[in-house]
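I've put the structures underneath this note.
In the two complexes below, chain A is the common chain; its partner is chain B in one and chain C in the other.
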Partner chain A sequence: MELLLQQLFNGLTIGSVYALVALGLTLVYGILHIPNFAHGALYMVGGYITLIMMTEAGLHYILAMVVSICVVGLLSVLMERLVFYPLRHSPPIQDKVAAIGILLFLEALAQFIWGADYRQMSTPFGQVVEVFGLTLTLQRILIVFAAIAVMILLYWFLKKTFTGSTIIAMAQNREGAQLVGINTHKVAILTFFIAGALAAIGASLTSPINLVFPGMGHLVILKAFVIIIIGGMGSIPGAILGGYILGFTESLGATYLSADYKDIIAFVLLILILSIKPQGIFSKGGV
Partner chain B sequence: MNILTNKKVIISLLIVLGIVFPFIIPNLYYLHIMTLAFIWTIAVYGLNLLAGYTGYLSLAHGGFFAIGAYVIGILTVKLEMGFWLSFLLAPLVTMFIGLIIGLFALRTKEHFFAIYTLCVGYIIYLVIDKWEGLTGGVRGLIGIPLPEAIGPISFQSPTAQYYLAFIIFLLVVAVIYRIVHSLTGRTFVAIRNSEDLALSLGISTKRNKLLAFVLSTFFAGLAGAMYAGFIRFIGPEIAYTTITFDLLTYMIVGGIGTFAGPIVGTFLIVIISQNLQFLQDYRMLIFGPLLTLLIIFSPRGIVGFIQMQLYQRKRKKQESLAYKNREEETNAGG
Partner chain C sequence: MKKRKWLSVLVVFTIFFLSACAQSSGGDGEKVVNIGYSGPLSGAAAYYGENTLNGLKMAVEDINKEGFEVNGEKYKLNVVALDDKYLPNETASNGKRLVQENQTPIIFSPHSGGISALQVFNEVDNFIVSAYSSEPDIVERGNTLTVRIPPSYEGYIEPFSDYAMDNFGKKLAAIPPVTQYGKDWAEAIIPYWESAGGEVVHKASVDYSKDTDFFTLLTNALKEEPDVLFIGGPSEPTAKIVSQARQLGYDGGFIVMDQAKLDEMKNVTGSYDVLEGAIGVVPLIYTEYSGTKAFIDKYREKHDKDPGSEAGYHYLAMYVFVEAMKAAGSVDDAKLIRAHIGDGLTNLPDDKKVYDLKQIEENGAIENFIRMGVIKDGEFEEVDLE
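Here is the complex of A and B:
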């Protein structure tokens, strides 16, 4: 029973991070219909910037995270301006290849600057606390609450502010949004910034538990794709729900099925879903 | 007519160059690199058939390459079968696995297909990495035998292996040429240009897409088997996405959907990489942005760019010729 509770909490932590990364991916997909393969590289850069800010500049963890959010957000905007914007009228295969090019570049760059070794990130929230008989580190609790806070903030921004609703409008209908006077370029920039920021938050939160290395984005981005396909490409509640579903499935699967194959679970899940419903669950008709 | 003879001359020159290469540069290291380049090119041709001609970007290609390599590895090392029989079986088994995966994967389209195949590739990697009993796990398979001698020809020397790879390479290029210029090849292009239109013309898109997919896995498996027979040691890293992305880079740089693209891209990048040895791990610092820039400014790679230039020059010539003719006519009339 205790093991089950512990695993459920682990699932909640992993799921929170997955949900954050998947949210960024789904926002970008909703706006531009690009599967942004480079999103995992943004996640990786986010982890590194926080780490470097803490070790080199001696900033506090939270401050380092803020710097990381800004840097990765801007990097993401730069990507949109320099690559996806010029490709907006091209056939879809070219977006994908361009995104893969960015991914390869950023990974090589990170390895070039920071080296290939796995690095540990310290955290001021390393204390262990006992809650309902479970031993939890403060960092894991922080992950869960910070992620939920960010999601609520994002939801409020998208639903209650004018700027936020322009994003929703553009995701619903690009031409319609233009007709009512929404500047779609600005919305695209904003969306990419938010997506980059979310990736940086996810990476910074999870890095003290995992490790920071150039390939840290690989599995996460693949799983984020699985999540947004489960939740419906472009759907925001779907990304959150999918993130937690995958988090729980993985942590329970690792305990009760096989720890070796726990990373396969997500992909098998996706293959099953797409084999049965090629457009994903919850998809709204055609692409 | 001029261009056609030109083409023939170029092709014959290249073949002669391939034959005499070991004599001009009797350097074992370069021979090794060239042999590998032939093997990669075959894999890239497989990818090009599917992504370039049919328009379905498969990101599981490295996985199928690894399946080909591991089939021959397991058959020769674990089951101690002969090399040639295993070599024959490897692409066929890969093709069979490709057929099963293709049946499901091709139900999806565009982004979904890319993500689906990316996940398939990852599963192949994880299975190879974790299934110790069959694949040797992270340690991989060591001691894949050399090809047995056929009559008086033995494949002990690197030169002999070079020629073996070269001959298979030429065969593959010829086969691909036949496929691309056949009705089937044109069908693939029709599907790439518009699947709905192809369907309404009475093309069975499902069957042809599956055919393209299976063919592409066949060439991936063949290249993998050649790789395993040449390097004689395989580890799970050959199934990792890096291989897929390398193959993708070769194809995009050379020219996606062009016939000469895979050769141009693979040889160019392999040769450049050799001269940038010090970059090894960082080569993507150059090739990553190159990939992105090429896709923005010349989506059909180097070969596509040259074709475009030739085409424009030809059109200009025709236009000026037509203009001159008209002028002469008016002069004669006046």
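Here is the complex of A and C:
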């Protein structure tokens, strides 16, 4: 019983991170129909900015995270302006190639600026707490609750604010949105900013339990793609649900089925879901 | 229009021709020997690759201050380093490129996959594979032009296991990395552990390129209440495993595979207290041979951090090869150089002995001393194996 609870909590922690990253990916996909391969690189830059703000500028962890959110958000916007916007009339393959190009560029840039070494991010929330026989650290509790808070905030923003609804409108029908007077350029910029911010939050929350290094984006990006395919490309509830499904599959699968096959379990799940619902659990448009 | 095209082709050719000339002879009449390197300079293992290359480059810089003489002619070295992203197929194409474009008599490769890939054609293309990997396999394939620099990990199995069993207990949980090297290490230690009367209570593996968090993995390993954890991989993520195991309440010992170094792990855990009971190889900074201190000081000054053994061994190996070239009287005949590695080891100047190496065996393995270190009472301590 204790083992089950511990593994459920472990799955919840990792699922939260996956969901945050997948959310950014699915938002951009919903608006522009670009599978943004560079999202993993934004995640990595987010980790570095938080780390650098803490070590070089001496900021508190939370403040460093705020700076990171802004920087990566702006970087993401810059990416849209400089790369994806000029490519808006070209065939989709060019967007994909461009996204891979940005990924390689940012990784090489990070290695050039910060070096290839693994860095350790300290956290003021390192304490270990025992709750009902479970071993948790404050940082892990923070990951779970911060992720949930961010998701609620995002949901509220998209559903209850005017600006948020423009994003949904554009995801549902681009021409329709233009016809009713929505400035699609502005919406695209906003979406990229949110996606970048989500990547930065995910990275800043996770880095203290792992390490910061140029290749850290790879840890999550492939899984984020699996998640948005499971959840339905472009769907926000799909990304959240998919994230937690994958997190729990990994932790429970490794415990009760086989540790060596935990990735296979996740992919078998992907195949199963796709054979029943080829468009993913929540098919597109149902933001 | 056509004329212009021809002209541009001509210009390009001239540039190539000139640059090729510039490469083959040094500026002031000295000849240059190109030394090949193919290792991970980008991607997840880039840090490791950089460390190995740093050692090699430092040796070359030092050697080039004076140059060296073979058969009355003065030579200098030039490192041609190519990135293989840790992928054996890339190492193979890099190897071909190095031999064809730069005529390198020696190619360094710091990972067993890449080494195997080079061994496929190194005898035909006539170059020595300078192998930095503790995998015993690489010298057991009958390749006549391989020189393995570090000691094989096989020597560590017995002392590490015995010490762990005597001090912590008989229950082992093995969580090696998923790499070939990790699997081979595990396959070597598990039978020994069992034959020595121990019990392996949990077997799994960790993938540092996929796992963001190790809590899941460790929760499963620790539910069997092991006395010793068998772990390894690059120092930093291995250290993360240690600190997360401690968070989960584990208080036993660790057998750390030779790739990870205790001093580098300390940089991540913050102190040796977390690493209490860890058994591993002796880090370079705790090593005291006649050339070690000078090397460490120079490395610290240049790179502003402590060198690891990969840098030390690469530095040392370059000097051994230069001595071998002198003894062989050739800078390009790989077979002749390989035949004189023994002389190279003998003639190695004392002040360059970052490590003390014994002789080279027929199969290309350089005999070495097996040394083991442990963290005891929050301090590093070398264990006398005699």
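Criterion: the second predicted complex is superposed on the first by the 254 of 287 C-alpha atoms of A that agree within 3 Å, B and C clash if a C-alpha of one lies under 4 Å from a C-alpha of the other, contacts with A are read in each partner's own complex, and residues count from 1 in each chain.
The working rule: contacts are C-beta pairs under 8 Å (C-beta built on N, C-alpha and C of every residue); 3 or more make two chains touch, one makes a residue touch a chain.
Quick caveat, the model's predicted, so the values are computed rather than measured.
Visitor: Answer with first, second, both or neither: which of chain B and chain C does A:Glu250 touch in the superposed model?
Guide: Only chain C is touched by A:Glu250; chain B is not.
Visitor: In the superposed arrangement, which partner chain does A:Met233 touch: chain B (first), chain C (second), both, or neither?
Guide: First partner only.
Visitor: Applying the touch criterion given at the start, work out whether A:Gly11 contacts chain B, chain C, both or neither, answering first, second, both or neither.
Guide: second
Visitor: For A:Ile102, select first, second, both or neither according to whether it touches chain B, chain C, the two together, or no partner.
Guide: After superposition on chain A, A:Ile102 lies in contact with chain B alone.
Visitor: Going by the contact rule set out at the top, does A:Ala259 touch chain B (first), chain C (second), both, or neither?
Guide: Only chain C; A:Ala259 stays clear of chain B.
Visitor: Intersection of chain A residues contacting chain B with those contacting chain C?
Guide: Common interface on chain A, chain B vs chain C: 107-108, 111, 116, 218, 222, 260, 263.
Visitor: Would you mind writing out the residues of chain A in touch with chain B in their complex?
Guide: 33, 35, 83, 86-87, 90, 92-94, 96-98, 100-109, 111-112, 116, 218, 222, 225-226, 229, 233, 260-261, 263-264, 267-268, 270-271, 274-275, 278-280, 287
Visitor: In the complex, go through chain C and note every residue touching chain A.
Guide: 41-44, 46-47, 49-50, 204-205, 209-213, 215-217, 219-220, 223, 234, 236-237, 240, 244, 247-249, 267-268
Visitor: Using the touch definition up top, name the residues of chain B that touch chain A in the complex.
Guide: My answer: residues 51, 55, 57, 104, 107-112, 114-116, 118-120, 122-123, 126-127, 130, 241, 245, 248-249, 252, 256, 281-285, 287-292, 295-296, 299.
Visitor: Enumerate the contact residues on chain A facing chain C in the complex.
Guide: 3, 6-7, 10-11, 13-14, 17, 107-108, 111, 115-118, 120, 128, 135, 137, 140, 206, 209-211, 213-215, 218-220, 222, 250-251, 254-255, 259-260, 263
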